[in-house]
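I've put the structures underneath this note.
Two complexes come next, and they have one chain in common, subunit A, joined by subunit B in the first and subunit C in the second.
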Partner chain A sequence: MRRAAFYVVLAVAAATFLYPFLWMAATTFKSPAEVGALSLLPDQPTLDNYRLMWARAPFGRALLNSMLVATSVTLSVLVFGSAAAYSLARLRFPGRGILNAVTVAVLLVPAQLTLIPMYTLIVQLGWVDSYAALIVPFAFNATAILILRQFFLQVPRSLIDSARLDGMGELRILFTVFWPLSKAPLAMVGIITFMGAWNEVLWPLLVVRDEQLMTLPQLLTVFSLGGGAGPRQLATKLAAAMVLVVPVVVAYTFLQRYFIESMASTGIKG
Partner chain B sequence: MHAEARSGLFLTAPYAVFLLLFSLFPIGFSVVLVVLKWDLVTAPSFAGLDNVQHLMADARFWQALVNTLVFLAVHLPLQIIVALTLAWALDRPLLLRAFWRAAFFLPVVISGAVVTILWSALYATDVGLINGLLARLDLGPVPWLTDPAIAMPAIAIMATWKNVGFYVVIYLAGLQSVPRSCHEAIELEGATAWQSFLHVTLPLLKPQTLLVVTLSTINGFQLFIEPYVLTGGGPLRRTLSVVLYMYRNAFSYQKMGYAATLGLALALIIAAVLVVQRRVIGSAEES
Partner chain C sequence: MANVSFEHVRKDFGTATVVQDFDLQVSDGELVVLVGGSGCGKSTILRMLAGLESVTSGTVRIGEREVTHLPPRERDVAMVFQDYALYPHLTGRQNISLGLRLRKVPKAEIDRRELWAADILELDPFLDRKPKHMSGGQRQRIAMGRAMVREPAVFLFDEPLSNLDAHLRGQMRHEIARMQRRVGTTALYVTHDQMEAMTLGDRLVVLDGGRIQQVGRPIDVYGAPANKFVAGFIGTPSMNFLDGRLERERDGLVFVCDTLRIPLLGERRPDPTVHSGEAVTLGIRPEDLALAGAAGMGTIPGNLFLAEVLGATTHLYVEVGGRRLIAAVPSGPAPPPGGVVSLSIDHSRLHFFAPDGSSLLHDGHA
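Moving on, here comes the complex of A and B:
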C-alpha cells in the first residue's frame, strides 16, 4: 500500500515535467476556442497553427540553418579540437606549457565579460549576418579540449611508438589509433557541443538580423515577440516551438542515458 | 626542427590563433571598452571614467541587481529542496528508474527559448494551463507575469522546473556514494530516518550542494531569454536582468563602452558572490 502511494507521488512529480510538453503538443492541434482547455485531445483537430507559422516566418530555412551551424560547430570541435588535444597531450613542442595554461585559464572567464567585446569584433570583421559569425567563434572549445586531452593522456605510449615505426603521421595516429579508443569522450563532447549550439539564442540575437540567416531558437524568439497574446497566436507560437523540440525529443528518447551522463559529468547544461 | 615539434606546432596553430582572436583579445578589449564611448558606426572616443560613473548612478543597473537577488532568493532554496527530494525518491530500487530520471531531466535538454515560450502559455492569465488548473480548485486567476511582485518569483519557478533535473542527477550520484553503514550506525542509536538524513546525509552532500549553489547562481546572473520573452523586463522593470540590460545597451542603444562596463561589473560581482557562498557553505561544515 505504501509502495503504491509512493509510485503515485512519483508519477505526479514526473507529470509535472512531462505534462506541459504533452499539453504544448496537443495545443498546437487545437482551434483558438479550445486553446485554454486542459484536455489533451482536441475536439476538432486542425493544422491551421502549423500552416500559419510556416507561412509567416521562414522556419524551414531556420531548421536548415540550425542544422548547418550546430553540425559545423560540432565537427570542428571534434576534429580540430582533438588535433589540438592530441598535440597538447602527446607531442613535445615549444609553447605547449603556455597553451595548456591558457586553455585552463579561459575556462574561468565568465561569458558575460567577453560577450560585448566579441560582438564588436564580429562587427569589425564584417561578419554580421553571416554563418561565420555563428560558427567560427565556437570552432574550438576549451572544455572539450581538456576532456579529450585528459583521455588521450591515458592511451599507452607503446601504441604511438609502434604506429610511428609503421610510418604513420601524427594525424593518422590521431584518427586511426586514438579515435577508435575514444568513442565515449568523443560522444560526450559531441552531444554537449551540438546541444549548446542548437539551443544558443543570445549570441545569434546579437550578430544576425537577416531572417534568412536566423537559427531556430532566434527565429522562434523573434516570432513570438512579434505576435499578440491571444489564443490563436499562442497556439501558433507553440507550433513554431515544436520544430525546435521534436528533433531533440526524438534524439533524447533514444540516447537519454548518454545525454544525462554527458551533461552531468561535464557540468554543462543546455 | 624535430619532426614531433613541427607536428605539434602545426596541429595546435589553428587553436592558438583562435585563442588569441576569440578569447585573449576579447578579454583584454573588455577592459579597454570601459574607457571608450563607441556606437560602432563612428570612431570610438576616449571617455575616461564616464562609463563607471554612469554605472554607479544608474538606477536600472541597481534595479537589475536587486531583481537578480529576488530571483536567487526564490530559486536557490527551491532548487535545492526539489532536487534533494526527487533524488532521495530515486535513491532506491525502483520500477522504471531510468524513466523517472529521464522525465525529470527532459526540460534540461530543451532550449531555453522553447521553455520560455511554453511557460508564457502556462502562465497566461486567461488561457494558461496553470490558471486553468487553479480554476478547478476555485482559485485564481493569478496575474503571474503582470503583477510586479509575482513576476520575478514566477520566472524563478520556471527556471527551477527547467534545471532541477540536472541537479537531481548530481544529488543522486552523491546519495549513492553515502555508505549504508553510516545510516545504520546512527539509527542503532535511536535516530529517526529524518534525523539520519539531516545529520548524516546532508553534511555528506556538501560538495553537491556547493555545486548546485554555484551553478544556479551563475545561471541566475545570466538570466536573459526568460525576461526578454516573457516580460520584456517589466512590469515596472521588476524582471529586468543585467544581461538583458547589457544586450539592450549594445544592440538597441549602441553603447558599446557602457555595455562592456556592465559585463565587467557583472563578472566581478559573480566572482565576489561565489567566493562569499563558498565561505558560508564551508564554515557551516565546521560548526
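Moving on, here comes the complex of A and C:
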C-alpha cells in the first residue's frame, strides 16, 4: 500500500516535469488553430512549423555551428582538463599547492564579472565574429580539472610506476592508462561541458553578429525576439527550441549510465 | 643480466632521512632479499633502483652503467608490485605484451616470449581474461609474466605476496624461487615477512631505520645475528632476551639476572674483553630451550602459563622471575598450564649482546 502511494507521488512529480516538455513537442506538430489547446495529441499533425522555421532563418547552419562549437569546447576541456588534473594530482613540482588553490579560487569568480574584460580581450585580439571567440574562452574549465583531479588521486601509484617502467611517458600514461579507467568522470565532465556550451546564449550574442556564425540558441533568441507572437509564430519558435533540445536529450540518454555512476562515485552533486 | 651496486646511497624526504649510507653489491644472477619492519627504507631502496624515486646522494649502478639519474624506462628493470599493478582495462595477454609493444619489439618475438612466460608460469587458462576476472594468485602470475617477458637486467619484487592468503603465498614463493633460478636474472626482493626472506634469498639484507644492520646468507644471519635488532627480527617466535651481567666464578663465567644464575657451559662465550660485572643481554632462541626432566644445574625454573600447540611444535610461555620466555618444543605430553617447569638451555647456541645492541660473540660468528 505504501509502495503504491510512493509510485503515485513519483508519477505525479514526473508528470509535472514531463508535461510542459511533451506539450512543447506536441505543439510543434499542431496547426495554428490548435496551438492554444492543452492536449498532447495534435488532431491534424503537420510539419509546417519546421518548414517555416527552416525557411525563415539559417537554422541548419546554426545547428552545424553549435555542433562545431560545443564539440570543440568539450574535447578541449577533456584534453586540457585531464592533463592539468593529472599534473596537479600525480606529478610533484614546485608551486603545485598554489596552482591547486588558484584552480579552486577560479570557481569563486562569477562568470558575469569576467564578461566585459573577456569581451575587451576578444576585440583586441580581433576575434569578433569568429569561431575562436566562441571556442577558446571555454576551452579550459576549473570545475573539470577539480572533478578529474579528485578521481585521478584514487588511481593506485603502482599503476603509474608500472607504466613508467613499461616505458610510457606522462602523456601516454594519461591517455592510455588514466583515460580508460576514468570513463565515468570523463563522461560526466563531457556531458556537463557539452550542455553548457550548447545552451550558451549570452556570450555568442556579445561576440558574434554575423548570422552565418550564430549558434542555435543565439539564432533562436534573435528569431524569437523578432518573430511576432501569433499562434503560428509560437509554434515555429517551439520547433526551433526542439531542434535545440533534442541532441542534448539524445546524448544524455546514451551517457546517463556513466553520468549517474560518476555522480555516485565522486560525491559531487550536480 | 647484470650485477647491481649501491654506493653510499642516501635518501631524504624533506627533513627526514629514510635511507643512509647504503652500500650493497649484488652479483649477477643473485637473489637478494631486503627485509625489515615498516618504514625501514626497504621499498625506497627498490624504488631508487627502479628510478621511481630520486637519489639524494650516492651512486647506483646496473652492470657497468651508472643509472643514478636515468628515468625508469632507460634502466632495464622490471618490477612486480604488491597490488600487482595490472592495467584493469587490458587482458592478461595485453598486460604482458604492452611493455614490449611500447619498445617496438617485433610481433614474432613478443609471441615467443609470451609463450615462454605462459609455459613457465602456467598462465594459459586466464591469459585472455581481464584482471577483475582473475584471482589474486592469477593476477600475481600475470604480473610476474609481464616482468619476465621484458627480459630485464634486474627483477624487482616489492612485497609481491603480501596480498595473498597464507596457502597461496607459500605456493607463489616457490614459483618465484623456481622462476628466478630458471631465468637466472639478478633480483632484489623486498619483504617484511622473514619466512619469505629466509626461504627465498641467496643473501639477506636486514634493515632498520634506513641503515643496513646485517648482510649475509640467511642461515648465517639466523645463526649469528650481528646485533640485538637482527636477533629479535629474524626468527619466529622471536629470540628471548634476558638483561643481566656476567660474573666470573671459580668454575667459570656465570650470567646473572636477578635471582637467576646461568653458568656458561658451552663454547659460545662473550667476547673476552667483557669484564666481570658488566651489563650483558643474553639471547636464547625459543628452539634452544627444552623442557628439562628435573631442575638441576643450569636449568631455568619457571611457571608455565600458556601452551600453544601448533601441530609438530608447541610454544610454551613460561614466566621466569617476572619475565616471559618462549620455548619451542616438539609437541607431546606437556605439563598443565599453571604448573612449575624447568627449562634446559642449549649452551652451544647462546647469544650475547652489549648494552648498545652489538653482538658480543667471540667465536668467529659475529
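Convention: the second predicted complex is superposed on the first by the 235 of 270 C-alpha atoms of A that agree within 3 Å, B and C clash if a C-alpha of one lies under 4 Å from a C-alpha of the other, contacts with A are read in each partner's own complex, and residues count from 1 in each chain.
Please note the rule applied: contacts are C-beta pairs under 8 Å (C-beta built on N, C-alpha and C of every residue); 3 or more make two chains touch, one makes a residue touch a chain.
Please read these numbers as outputs of a predicted model, since none were measured by experiment.
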Subunit C versus subunit B, contacts on subunit A by residue: B
Which of subunit B and subunit C A:T16 touches, first, second, both or neither: first
First, second, both or neither for A:G167, with subunit B first and subunit C second: second
First, second, both or neither for A:F254, with subunit B first and subunit C second: neither
Which of subunit B and subunit C A:P180 touches, first, second, both or neither: second
Touching both subunit B and subunit C, residues of subunit A: none
Touch list for subunit C against partner subunit A, complex: 47, 50-52, 71-73, 77-79, 81-85, 87-89, 98-99, 102-103
Sites on subunit A touched by subunit C in the complex: 156, 158-159, 161-168, 172, 177, 180-181
Contact footprint of subunit A on subunit B as seen in their complex: 4-9, 11-12, 14-16, 18-19, 21-27, 29-30, 33, 38, 40, 86, 89, 94-95, 98-114, 117-122, 124, 126-129, 132-133, 136, 161, 163, 165-166, 169-170, 173, 211, 215, 218-219, 221-222, 224-225, 228-229, 242-243, 246-247, 250-251, 256, 259-260, 263-264, 266-267, 270-271
For the subunit A and subunit B complex, residues of the former touching the latter: 6-7, 9-10, 13-14, 16-18, 20-21, 23-24, 27, 35-38, 80-81, 83-84, 86-88, 91-96, 99, 102-103, 106, 109-121, 123, 136-137, 139-140, 142, 145, 169-171, 195, 198-199, 201-202, 205-206, 216-218, 220-221, 224-225, 229, 231, 234, 237-238, 240-241, 244-245, 248-249, 252, 256-257, 259-260, 263-264, 267, 269-270
